[in-house]
Each structure stands twice: as C-alpha cells, then as structure tokens.
Amino acid sequence: MAIEVTPGMFSSQQVKPSMKAGLVMAAFTLLTLITFGFGGNPAIVTFQLTEKGHALSVADFAVSSSGFALLVGGLMGVITLVATALTILKRVVPMWLSLIFGLLWVSALLGWLAAGNVVPVSFILSNAVVLAVPIILGALGGVISERVGVVNIAIEGQLLTGAFVASVIGSVTDNLWLGVLAAAIASAILSMALASLAIKYLVDQIIIGVLINLLVIGVTNFLYSQWLANDGQNVNYPGTFDVLAIPYLSEIPIIGPALFANRVTVYLCFILVPLVWFMLFRTKLGLRARAVGEHPLAADTVGINVARTRFWWVTAGGAIAGIGGAALSIGNVGAFGREMSGGLGFIALAVVILGRWQPFYVSAAALLFGFAIIMRVWANQVSPGIPTDFITMVPYVVTLIAVTGFAGKVRPPAASGEPYTKG
Amino acid sequence: MKLELRGITKRFGSLVANDSINLTVQPGEIVSLLGENGAGKSTLMNVLYGLYQADAGEILVDDKATHFKGPGDAMAAGIGMVHQHFMLIPVFTVAENVALGHEPTKFAGQIDLSEARTRVKEISDKFGFNVDPDALVRDLPVGVQQRVEIIKALSRNAKTLVLDEPTAVLTPQETDELMSIMKQLASSGTSIIFITHKLREVKEVADRIVVIRLGKVVGEAKPTATASELASMMVGREVDLTVERSKKAPGEVVLSVSNISVRDDRGQLAVDALSLDVRAGEVLAIAGVQGNGQTELAEAIVGLRKLEKGSGEIKFKGANIEHKSVRHRLDDFLSYVPEDRKKDGLISEFTLEENLMLNQSYDDDRGAEFVNRGLINAKVLEAETEKAIKAFDVRTQGSKSLAGQLSGGNQQKLVLAREMSRPHDVLLVSQPTRGVDVGSIEFIHDQIMQERDDQQTAVILISTELDEVLALADRIAVMYRGRIVGIVSADATRETLGKMMAGIAA
Amino acid sequence: MTEKSKFQTVVREIMATSVTRVVLSILLGFFFGGIFMVLFNENVVATYSTLFTTPGDTFVAAFNTIVDGYGALLRGAIFNPEGRDLVAMFRPITETLRMAAPLVMAGLGLALGFRVGLFNIGGTGQIVMGLAGATWVATRMELPPVIHMIVAVIAAVVCAAAWGAFAGFLKARTGAHEVIVTIMMNYIALDFFTWMLRTKGLLLAATGGGTPKSDPPAATSMLPTLFGDMYKIHIGIFIAIAATFAYWLLMERSAIGYRFRMVGHNANAARAAGIKVESTFVWAMAVSAAFIGLAAANQALSNPGGITTSLNADIGFDAITVALLGGNSAKRIAAAGLLFGAFKAGSPAMQVVGVSPEILGVVQALIVLFIAAPPLIKAMLRLPEPAAEQKVVA
Amino acid sequence: SAAAAPELDYKACAVSDEGSWNDKSFNQSVMDGLMKAKDELKVQTADAESNSAEDFAPNLQQMVDANCDITFAVGFNLVADVNAAAKANPDVKFVTIDGWSEGNANLKPVNYAMEQSSYLAGYAAAAYSTSKVIGTYGGMQIDAVTAFMDGYYYGAQAWAADNNTTIKVLGWDPAKKTGDFMGDFTPNSAVSKTIAATQIQGGADVILPVAGDQFGAVSEALDEAGSAGVMIGVDKNIALTSPEYADKMLTSIEKRMTTAVFDIIKGIAVDKVDFSGDAYLGTLANGGTALSDSDKITGDLKTKLDELSAGIQDGSISVRP
C-alpha cells in the first residue's frame, strides 16, 4: 500500500493526575496579584454591565483597577488551593472549577487593561459568542463524526463550503433561510463523500480530510475569483439575518444581549448543542453511535450496522458544520470572502479535543477562542502599545496553556480513525 | 432448539479456515469444540453467528434452512455468542452494554435505563451472577465482564449459546462457577457450544466432543476419553502432557525483591510491601487470582512501573537495580515475556525478524550483533531469526512475514524464542500458555524446564493456571491483594492453593 | 485455459501492480482536472449556447482548452520548445527541480513523523522558525563564503528542530495532542517571525520601514546556483537528494529509525522493550522538523530579495500531501515531491494560457485521493483485485 | 470606437502581488488597466497571480518566456525579483508598482503618495463625523498600508486644529506606530468585522479599512450597531465598483493604477513614445491619486478640501507634520 498512516495516531496516552493544573493556576494567580494588583494601576475601571440605551439598565460597576485585581487574585488563590488539595487527594479537578478560575482571571485581565477606561462587558460577550458560533458548530460536526469513529479533519473544508454556499444561495434566492439550508445540504454531501471514502473504500481518514480541505479551498478560490468577484452584487451580496432580540430575556444585564439578542444562526447553535448532547448521550441512536465509535465489532455483534451508522452520523455532522459555515458568512459578515474560514476549522479540530468530545465542553472551549479574538481587538484599542503580533498570538498561546496545563487525561473514542472491516 | 451446520466452508484468500464442516447440536446438549490454535473454531462460530458469510454450506435451525445476513439475524434465530475477545464497550455501563442493540426506550427515543437495569438484575439474580448494572465495564474484573457477556446473550433469549474460550481468563473458582452455570443452562434446555483448550474442563461438562484440525472435523469423542487421547486427536500426533522435572538443589539467590510497593494505573496500591527471592535453577511460580497485583509486580521488576517512594529495593546478585532503566535491566540480566503478547510483547506490523531484535537494538547490547555502528545487520538478523524459528517451531511462511499474521500460539513462541535466546540470568514469564493449544503448551513447558535445568536460570512464572503452576514450579508464592499470602512447595494440593488464593494463609 | 482468459490473467497482473495504479491515478487526476478546466473556460462557455445545435464546437473548444492547459503545464515544467533560445527551452525542467527540492525535504520530515505515529501538522511553524534562524545568520553575521552558508543551513535546521522538539516535549510531558499543539505553534511561529521581521535590530532590513521584511541574505550565505546566472536552480536539489538518502538510511537501515518505527506501531511494546517512548517522541519530532528546517534553509538562502514570512510558501502544508502520496518510501516521497514541484513550476505557464492556478491544487488532491483509495479507482475502472494486497485481519 | 481598432502586435503582461487579481484592491486596479488596454487598444495580454513570495520570480520569468513586451510587477514585494528580471532581460520592459529600480533603465517605478489623498480623507472624515471619533484599521502593518493611515490621522488632526477642538482617531497612532491590524488581508473576515464593531462601540462613525475588500464586513458592523456611520474606500472608487455599498461610502481614496497602467501601455504601443525608466509618482498634483467624488462631500467642506489639496500640491501643507 502506498500510504500508511500509523493506526492510533489519533489516540493519546493517558496521563496520571498531576500537579500541573495546580502549578498553572498558581502561576496565573501570582501573575494577577503581582502584575495586575500590586504593580497595577489604581485608576478607576468601569464595568459597563448593560448596553447603552437599554430599558432595564443596571448601574455600572466601577472599581479601582489594581484593587479589583487583588480581590480577584485572592479568589483565584483560594481555587488554586482547593485544586491542589484535590490533586493531593488523588481526585480530579472538576472542569467547572477550572472554568470559574478562567473567568476570574479574564475579569482581572479586563480590569487591568481598561484601567481608567470602560469595559463594555456585554459587548465583549456578544462578540465572543458570535465569533465562537462557527467554531462551535464546526467542532460539533467533528464531535459527532469522531464519536462514531470517523476522524474528521475536514472541518475547515466543511465550514468553507457552508459559508460559500450560504452566501451564494442566499444572494441568488434572496432568502437567507434557503442559504442556511443549502449550506447544510452542501456540507452534508461533502461529508457523505468523506464517509463513503472512509467506510466503503477504506481510504485513510486523515488523508481524506486533508484532501477535502485542499479540494474545497481550490474549488471555492476558483469559483470566487472566476465568478463571485465579478458578479458580487448578484451572487455574493446576501446580507445577514436580522438580529432578533428576545423580549425581556435580552434585557438581562451582562448576559442578556450576548445570549438573547442574536441572529438565528446563533440560536440554531444554542439549540444544536444540547440537541446533539441529548441525541448522543440519552437516546438509543446515540448509544448505538457511541458503541460504533468505541468498539465497532462489538456493535456489529449485537446487530448494529456499523457502516450505515457511521455514514449517517458523519453526514449529520457535516450538515451541522455547514450551518457553522453559514454562520460565518450570512450569520455574521454577510458576503463570502476567499478562504474566509481562515483556519477556524483547524481551531475547531483543536476544540474537539480540548472539549473532550463532549458538546458542552466543546462549546466552552470554542467560546475561549471567540473571546480571545474580541479580546485582542478590544484590548488593542483600550491599551495600545503591545506589538500587534503578540496580541494576535494570544488565543494560540492560551490554547497551548489550556491543553498542556488543564486538559489532563483525554480519551478519544477508542475506534476513532479506524476503518471497520470483517471477513 | 436443534442446530445443524452442513458442509460449511470459509476461505480467507487462499487459506481454507473451514473445510465443509458438519456439526449438529441437540437441544440442551453441551458440545465441546476442540482444536489447535488456528484450527478454525472461532471462524466456524463466527459463520454461525452471521459475522462471516460462509463460502459454501448451510445452517439449519430446527431443521429449517436459514440464512444469517448479520449477527442480528442470528440473534433473532436464538443464537447467542460469548466471543473469545469480549465484545463489550469498556466505557459503557453493564446495563448499556446489555441493552445495546435492543434498547428499551421512552419518549423521544430516550433509552429507558431503569428498564435496562431491571433486565440485567433479573438475569443476574436468576443465576446468582451478582453484577451491578451501573458499573462501568472497564472497571470490572474479567470474570465479571464474562458474566456480562452471558447476560447479554441470555437477555436476548438465546436458545443456543456459543462460548468461545470463556475460561481462558478465569480463575479456578470462576471456572467452576461457569461450569455449573453451563450445566444449569443446559438442564433448562439451552444448547451450548463450548470451545476451550483445557481438556479437564471438556471432560467435566461436555456431553459430546468434536475435534477440528486444519479446518476439518477429524473426529468425535466421549467425555470419558482420556486427556492424552483427546490431545493427540487435536494435534495429530502423540502428546506428552506430563512435565519431566528433575529433583535438584537450587543455586544462590539471583534476584531479590524486598518490601516493594507499587501503584496501578488508577493510583491504587497494587503491590503492598512485597518481598521475594528467586534462586538460580529454580522456578518460582506466582499464583493468584487475576488482578491481585501480579501484573504490577512484573512491571515493577522490569522497571515499567515506579516503586512507591521510600519503599524497598530490588537486587540482582546483591546489587541494587531499582534505579536502572528498563533497557539496562533487560540487557543486564532479565528476559521478560509479558502477559499480553499482542499489546506488549510484539509488534504485529513488524516482520518476525524485526520482532526478534525488539529489545536488542542498541550497539552495545549483549547477545547477537543485530546492530553495528547504528545500522541494522540484515544478515545476522535473518540468520538468527531462521535459527529461532527452527528451534522454537514457529509455524510461519518465513522470517519476513508479519508477526500479526501468526496464530496466538505461534506469536507466543516467537516471544519466548526472542527472550530465551538473549543472554539472561532471570526469566520472568507471565501467563505463558494463555490461549495456547495443547501442542504448544507442551513445547513451552519443556522450554521453561530446560531453562531451569540446563541454563540454571532463575525463573519467575506468573500464572493463574493451577495446573501449570503445579506442573512447573519448585516453589509457589500465592499473591492476594498485593501481598504474598504464603510460599508453599510444589507438592501442595489444589485445595490449599485455592484457599490461599482467597486470602487464607496456609 | 483459453486464449482470452490467459490474456485476462496478464492484464490482471499488470493492473494489480502498484506502479500501474499510480500512473492511472495520475492520469485520472488530470482527467478530472481537465473537466474542471473546461467547465469555466471562457471559450468553452461561449459555445454552451449552441451546445445542442453544434455540439462539435463545444467539444472542440473543450479539447483545445485541455490541450492548451496541459501543454502549458509541460512547457512550464519540463521543456519549452517555444523558448527563444536553448537556455530558455531547458529552463522549465530546472525550475521543476528547484521547486521540488523543498517539497521533498519537508515531505520527508512529515513522513518521518507519521511513521512514529505523530501527525505533525506543524510544518508551517517549523519552516518559519527555520527561516528565522537562517535569515538571522544570513543577514546579521559576516562569515567567509561556504562557511557562512553552512552555518546558515545549520541554524535553520536547529531552529526548526528545536521548535519541533518543543511540540514533541509538550506532547510527551503533558499528553497534549500533537495536532492541537502543532496547529497552535504554527500560528505562534508566524506571529513571532513577523514580529522579528518588524523589529529593528532583529531581522528588519537596515533600510526597512514598517514592512516586515529582512535584508537580502548575504551573498556568502546563498546556496550557489548550478549554472551561474543562466538558471536559478541551486544546490538545494542536491541537498534534497542527500536528504532522501539520509531518510532511507535512517528509517530503513538504522537502529534509531527502527526504534522510531517501533514506537509508531506499538508504544506499549516499545516501552516493554526498554525504549523511552516519551523521549523518542521528542527526538522524532526534532528529526522530523530538522528535515523541514532544510526546506526553510532552501527557501531563505536561495532568494535574492529580502525574506518575508510568505517565503514559507505553504510548503509545510503542501508537504503533507507529498508525505501522504509518498507513503513510507523515501523514493516515492522524492517522486511525489518532483510531481508537485512540476505543478508549481508549470503553474505560471498555465496561468498565461488562462488556466486558473487553483486547478492544479484540485488535480493534486485528486491524485493523492486515487492513490490512497485503491478500491475507489478499481471500482471506477473495474480493475481486478490484486491477490497480494489482501488485508489480514487478526 | 475601440471595436474598430486593429489587433496590435504588442504584448502587455502583469504579475500580481500575493493575492488574486480580484482583490477589489491594487492588484485588481492593475488588471483593470491591462484589460482596458486589451479591449480598447487591442494589445495582447498575459498575466499570472502569485500565491507567495516564492512565485514572483517564476511568474516574471514566464512573462519573459511568453514574449511580453512590457510586464507590470504589482507591489513592493516584487521589487527584488523584478530588478533581477530587468537586469537579466535588458530587451524586455518592466514596470514596478510601489517598487524602485536599482539602476535598470528598462524598469520604470510607479509610486503613489497615498498619504496626500488620505490626508484629505481624514479631514473629510473628521468634518463628517458627528461623534468626533473616527476609526481606521489595516490588513497588516506595512508601509503601503500605514501610508493611508498616516495621512488619515494627520488630516483629521488638521480639522481639529482648524476648529479648535479635538478628534479621536481609533486604530492608528503614527507616533507610536501602533494600531489595529487584522493580521492578514482575508476579505470580509470575522476579525475585520470585529475590529470595525469595536471601533464603532468606541464611538467611531467613520471607518477606513485599509485591507482590500472589507466593505461588506464594515457595513455589517455599522448595521448591527444601528449606527448611521459611513466608511471610506481605498484604491478604487468603491461606490462604483461595489454599488451595493454606495450609500455607506463617504468617499474613496483612489490609487489610480488603472489609468497609469493604461497610459503607459498606450504611450508605447499606440503613441510610440519611447519607454523611459524614469520614476512616476502619483500625487494629487498629477491626478495619480485623489478622493472620489461623493454626494456626501459638498459645499464648504468640498471647497475646503480643494483648498487643502492645492496647499498640499504647492507644498505649503505638509501631510506628515
């Protein structure tokens, strides 16, 4: 055989509980106390908790930047101690504790950056959500596919396809709903190709993924330059969905606008995440799907059709990633741009692993990225001066720290990446 | 249910794994299938279960010809199977595993887990299985996993139950329990096809014995047939089932382990302040029920597992070695045959040659000059492999074929060949004959005795097979919960050992 | 046996060999690329309106488009009979070799990672760090000819290898997945290199302003060209050949390579055989990245203009396809590099006749796909099943 | 008129900077000039896109091999390669856009003083803004981009000085050389929109994205924030090339490469003027760069801008004080 990718390269070894998380937490706590607190700026920072012109407005929260950092740093210290204690007791540090820790650190960071300035909290949160949605949906597609044992590194291609098709169909039909539908279908068809090559023709799944990305980039670039760029007004001017504010809920301070004043693509995401979780972990179909991803032969011996199960779940995952693509174009900026997914598919790939193949954790990890993007833009505005290249680096460095410091034991679905054949 | 297989033929490429095999099973009958490794027993059962499609032949259920497109059809026809390699999903609970494929559901396609639990409980209670439906399978000992497999089959109302080497991983007690379950099932009308390599078991439960060799049925026997009759039928030649053992005084202490503690993967103390000595020219057997720390003890001796901080020491000929790396221990004095040959003992994708130099790939390693100035010496490697293949009777197409293509017994012989042909003073073998047919067992046992007698090697034999332990050992140490309950001489009775394995000191 | 079935057996055997399959895959890739080329070609599109009245026109136009396109590819990649002089006529093949060199080097590196079970998508980051190292030596140090070049190459290799090893270290120490780690490290490396190129005193050109670009490499550090000013081809191609041989020696003949493969196939068995699996990961990543560092040196030390981040030319990514197409064999990786080098070299000529460069990317992907999917190509062409390639399921 | 012109035996060619010819930005401007020459003058053409720095030299070589009479190398990045090509092929004419000649008589540099027109744009933006906060951001922090941002900044400050007030320019500080950059030139990316949204959130109601085609993204950001703000186009008159955004365009800062390319080809091929290697600098004075006409800039403001333009042309106003 020409190509041999070592089997199991997608599985990773198990890691014993270690002091890593505690050490990383301690480092962050010290950073907060020393740099943001003692070394920080005592100027007042105003956390703007409701957006301007909101009916139900809450008073802004104004504190001294450095004082706030000391307070938050103290809380972080407490969590660090708890986590360390848990580790010493050989217990796993729960994910939510790490999440709270992260949130605390982020708020200290915001307060530090904006000393003497305003932190538009809900603006930052809404942007983080919108930016995270394509990553969440792309990663959700990845989760589904890997849960049934098909490694999907074609998320980038699926997002790009979705973004392209949504924009073109949305423009041509003047109906954005059709755009979303078409994006889902197009990306689902792409996934069928992935699935049948992987399942029926036993092509190495990583190879197909790489190739699909290559093909989609080639084809969309080609069509963009030969077609969309010349006829933009007709085929690449879809506009975006209207922002739908859910009455009352969207008025909730801090999180209201971020969660309840959004485009339908975001709401679709809010529905899909729990839905996928429910399907995978609560239903008969999900149990079978996970069985196929863990031990296909075992699933086969109880009469589950492995190939068919894989095929349809991978297809469904593709459809979801396609919606993610639509969220990128008609759910955010509108028009399609050359290679507009710009690596988000690879970020999504990382997010799948970072989120441990679980829809809710995956969403949290994706939000980290969405947040990092808006953060670097906003931080640059309130306290300019850090070289732009380093600011751009932030999300990647954060991920690196997260996977090496916090992710701990990750166990992919056992049969992920392995084709199933029998006599 | 009456089951009949007629003229079943199954080929893999040019290899005929089943050659027009006929087999009939009457309701409530226990039929035992015997045969060497690779004889085609599992293949036949997989055909019966619909996993493989036969190239020729037919299956009759209650005298009606049926066709199984997949396991689903076979299960619907009342056939259940407990596979040689468990078909359980480790990260699922017992209830989920049992429900899989015929899940009880509530609204919106939700699994009705309480219903699934009830199903498990019912069967478990009926046969006294004592299985917790909410336990994760990966946390269960193999013996319990096996019961889960049986529950799985019974929960689908299997009328014919196929058990493919179910006792290979069981303790004597568990085996006895399984036997009585089988009898109980048979008396309630379930037919059983029972595959095993252990003649004692066959003789105990089987109503009828069918022997397969090289894909063909070579004969039938009654359970009253003697073990050596059965063995020679399987192998096609005379087999000597007794091990020749000379009485002799052991030499000096070669390896001494004192007061060591080791944790397992989950952080539990698996070896607890354990001490033992092995002498040159003696076989020290470590008996015990699977999961009492034997694996961890072996790994600690090899250096794959760290000793608990501040805990004891390991000495080779008086020198401390616990700080030494695996590589240096292997090179200095130790030969190691791990219990799981596929996972730890060899690399399926490598050729036999490449597998032969697995732990001798450094320039300065003792033993054959496989590597010279950083480059592999192909000539030496080939010659040594040919030699090993001959000496250990490894049945293969040649030294360049892949290890993964060998049958289990031959893989085991390959590992033994590698470890025994390297210079060593201590041989540590774990479960050397697990899943290996009688012909090979005979050979392997002879090799181990040669080590003891001719090489004056200090042999540590870790085995859960009482027969094996009794046949080979000079001294038997029984391990229970990470400690040695006691060390007895080779003339101890099965009863004594059985009690010690349950933690009762002799 | 009848005449016919004897013939069939022979055909069967020829078809079943992998050489045939590779050739067929390449042809099929070009075939589908041709279809793509035709679909949007202006001349062909112009005939669509009369497709049903004079289908011949469409056919002729389509045929001409394909012949023009691939003709240009050959002219741009192998031999240009229309060149104004002999030098120009032979230039294409030299360009193919020049373009192939870094693809081969990086392809070898990634393939090595695959064989140790490491899916190193970090080619880009490693190349970029290599570029940084080579650029620094080439623009900031003054050394005698030859020595300067060698030091610059070593700097590229060391920087790339260190970056790769760090990824391996993170994986080994923390169990973090190398796919995430290398993806993130790609972005970090790109930003870091841009920052270096932007910063005075680091790599920014002496006369440079706000644009991240270095001085041209010192003449003493450049890889010498083979034919003076006549052709651009330089000794990079020989480095690539040497790298191919080194890869073969390392992976097929040496004990180190043997241990790499051992870890790749079965880390448990390797551990039980006394191999330090974790440090093997680190070393394997370092060696893998060292090959990629050669590609970086090739890029940095052959370009007379200033060095920018884009000089990595996506080689880290293209090399994945090269490695996949080349599989385990050094020879095949070299061949794959040559093929894709020819694509790169021929691309400008194709653009000149109006063929979009993206098409070659599509053809490239299709070729790898067909080669990776023997059953697919067999199903498409109804080829026989080769007996030797039976899958063994244990 | 052009339809009647006979086919000319003259081949004009172009090699792009990284990015495609359809970037709605400087590559496209050059391509438009080439196409205009093809249509109107009936010259033959050839072109090649570059995807990375590695492609420049082979692409230029390809033009030589394709027997081009003149080849336009677009972008400062090609300067080394086009000089090398000019030196190696003295009989072929080259034009470097945004580059310079290292003593090659057959290489003509074409450059633009973009800060001049950008200064006007900054003044106009400051005047137009109601919040008196305006924004700008770039694709990458390179001189070709920051030239726009410099002029924009100082133009806005000039307005503030004239009116004795202050203006806040988000996204670029010419003194510290820090500002908002996307990190790449991906058209209409989510990052682009996020930067625009953040500036709008910070109060900006005029945005100048200097990163090619970002107008969809900025337009969305304005709509989403419910802002009545506007944007400023770059390179081409965006109100014409992307009429869908016309009502949100304050004006565009034109870099008239299309005209320059066409004029150079016409001069040699039709008017038979001898090729000269002299540098061309597009300025407000020679019309190489200018603000697009806009119905949002009228009356006093327009008069004032014309005055400033005259001042810049005669040197009495320095755009980078």
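Each chain gets a letter, A, B, C and D, in the order it is written, and its residues are counted from 1.
Just so it is clear, a contact is a pair of C-beta atoms (placed from the backbone, for glycine too) under 8 Å apart; a residue touches a chain by one contact, two chains touch by 3 or more.
All values reported here derive from a predicted model rather than from experimental measurement.
Participant: Return the chain whose centre of C-alpha atoms lies at maximal distance from the corresponding centre of subunit A.
Facilitator: Most remote chain from subunit A, centroid-wise, comes out as B.
Participant: What's the distance between the Cα centroids of subunit C and subunit D, rounded to whole Å?
Facilitator: Chain centroid spacing, subunit C to subunit D, equals 35 Å.
Participant: Taking the mean of the C-alpha atoms as each chain's centre, how many Å separate subunit A from subunit B?
Facilitator: For subunit A versus subunit B, the centre distance works out to 45 Å.
Participant: Between subunit B and subunit C, what is the separation of their C-alpha centroids in Å?
Facilitator: 47
Participant: In whole angstrom, how far does the Cα centroid of subunit A sit from the Cα centroid of subunit C?
Facilitator: That gives a centre separation of 30 Å.
Participant: Two-or-more-chain contact residues of subunit C, please, as numbers and ranges.
Facilitator: Residues 191, 198, 265.
Participant: Considering subunit B alone, which of its residues make contact with at least two other chains?
Facilitator: Within subunit B, residues 12 contact more than one other chain.
Participant: What parts of subunit D, by residue number, touch at least two of the other chains?
Facilitator: 141, 183
Participant: What chain pairs are in touch here?
Facilitator: All chain pairs meeting the touch criterion are A-B, A-C, A-D, B-C, C-D.
Participant: Quick one: in the complex, what on subunit C touches subunit A?
Facilitator: 18, 21-22, 36, 40, 114-119, 121, 170-171, 173-177, 179-181, 183-185, 187-188, 191-192, 194-195, 198-199, 264-265, 267, 320-321, 324-325, 327-328, 332, 356, 358-359, 361-362, 364-366, 368-369, 371-376, 379, 389, 391, 393
Participant: Which stretch or stretches of subunit C touch subunit D in the complex?
Facilitator: So the residues of subunit C touching subunit D come out as 76, 80, 82-84, 88, 91, 95, 99, 191, 198, 209-213, 216, 229, 232, 299, 303-306, 308, 310-314, 344-345, 347-349, 351-352, 357.
Participant: In the complex of these two chains, what residues of subunit B are touching subunit C?
Facilitator: Touch list, subunit B to subunit C: 12-14, 302, 304, 325-331, 336, 338, 342-350, 354, 357-359, 361-363, 371, 374-376, 402, 404-405.
Participant: Tell me, which parts of subunit A touch subunit C in their complex?
Facilitator: Per the stated touch rule, the residues are 1-6, 8-10, 12-15, 20, 153, 197, 200-204, 206-208, 210-211, 214-215, 217-219, 221-223, 225-227, 343, 346-347, 349-350, 353-354, 387, 389-390, 392-393, 396-397, 399-400, 403-405, 407-410, 421-423.
Participant: For the complex, which residues does subunit D have touching subunit A?
Facilitator: Those residues of subunit D that touch subunit A are 20-22, 24, 141, 170-171, 173, 176, 178-181, 183-184, 186-195, 197-199, 201-202, 213, 216-217, 219-220, 223-224, 242-244.
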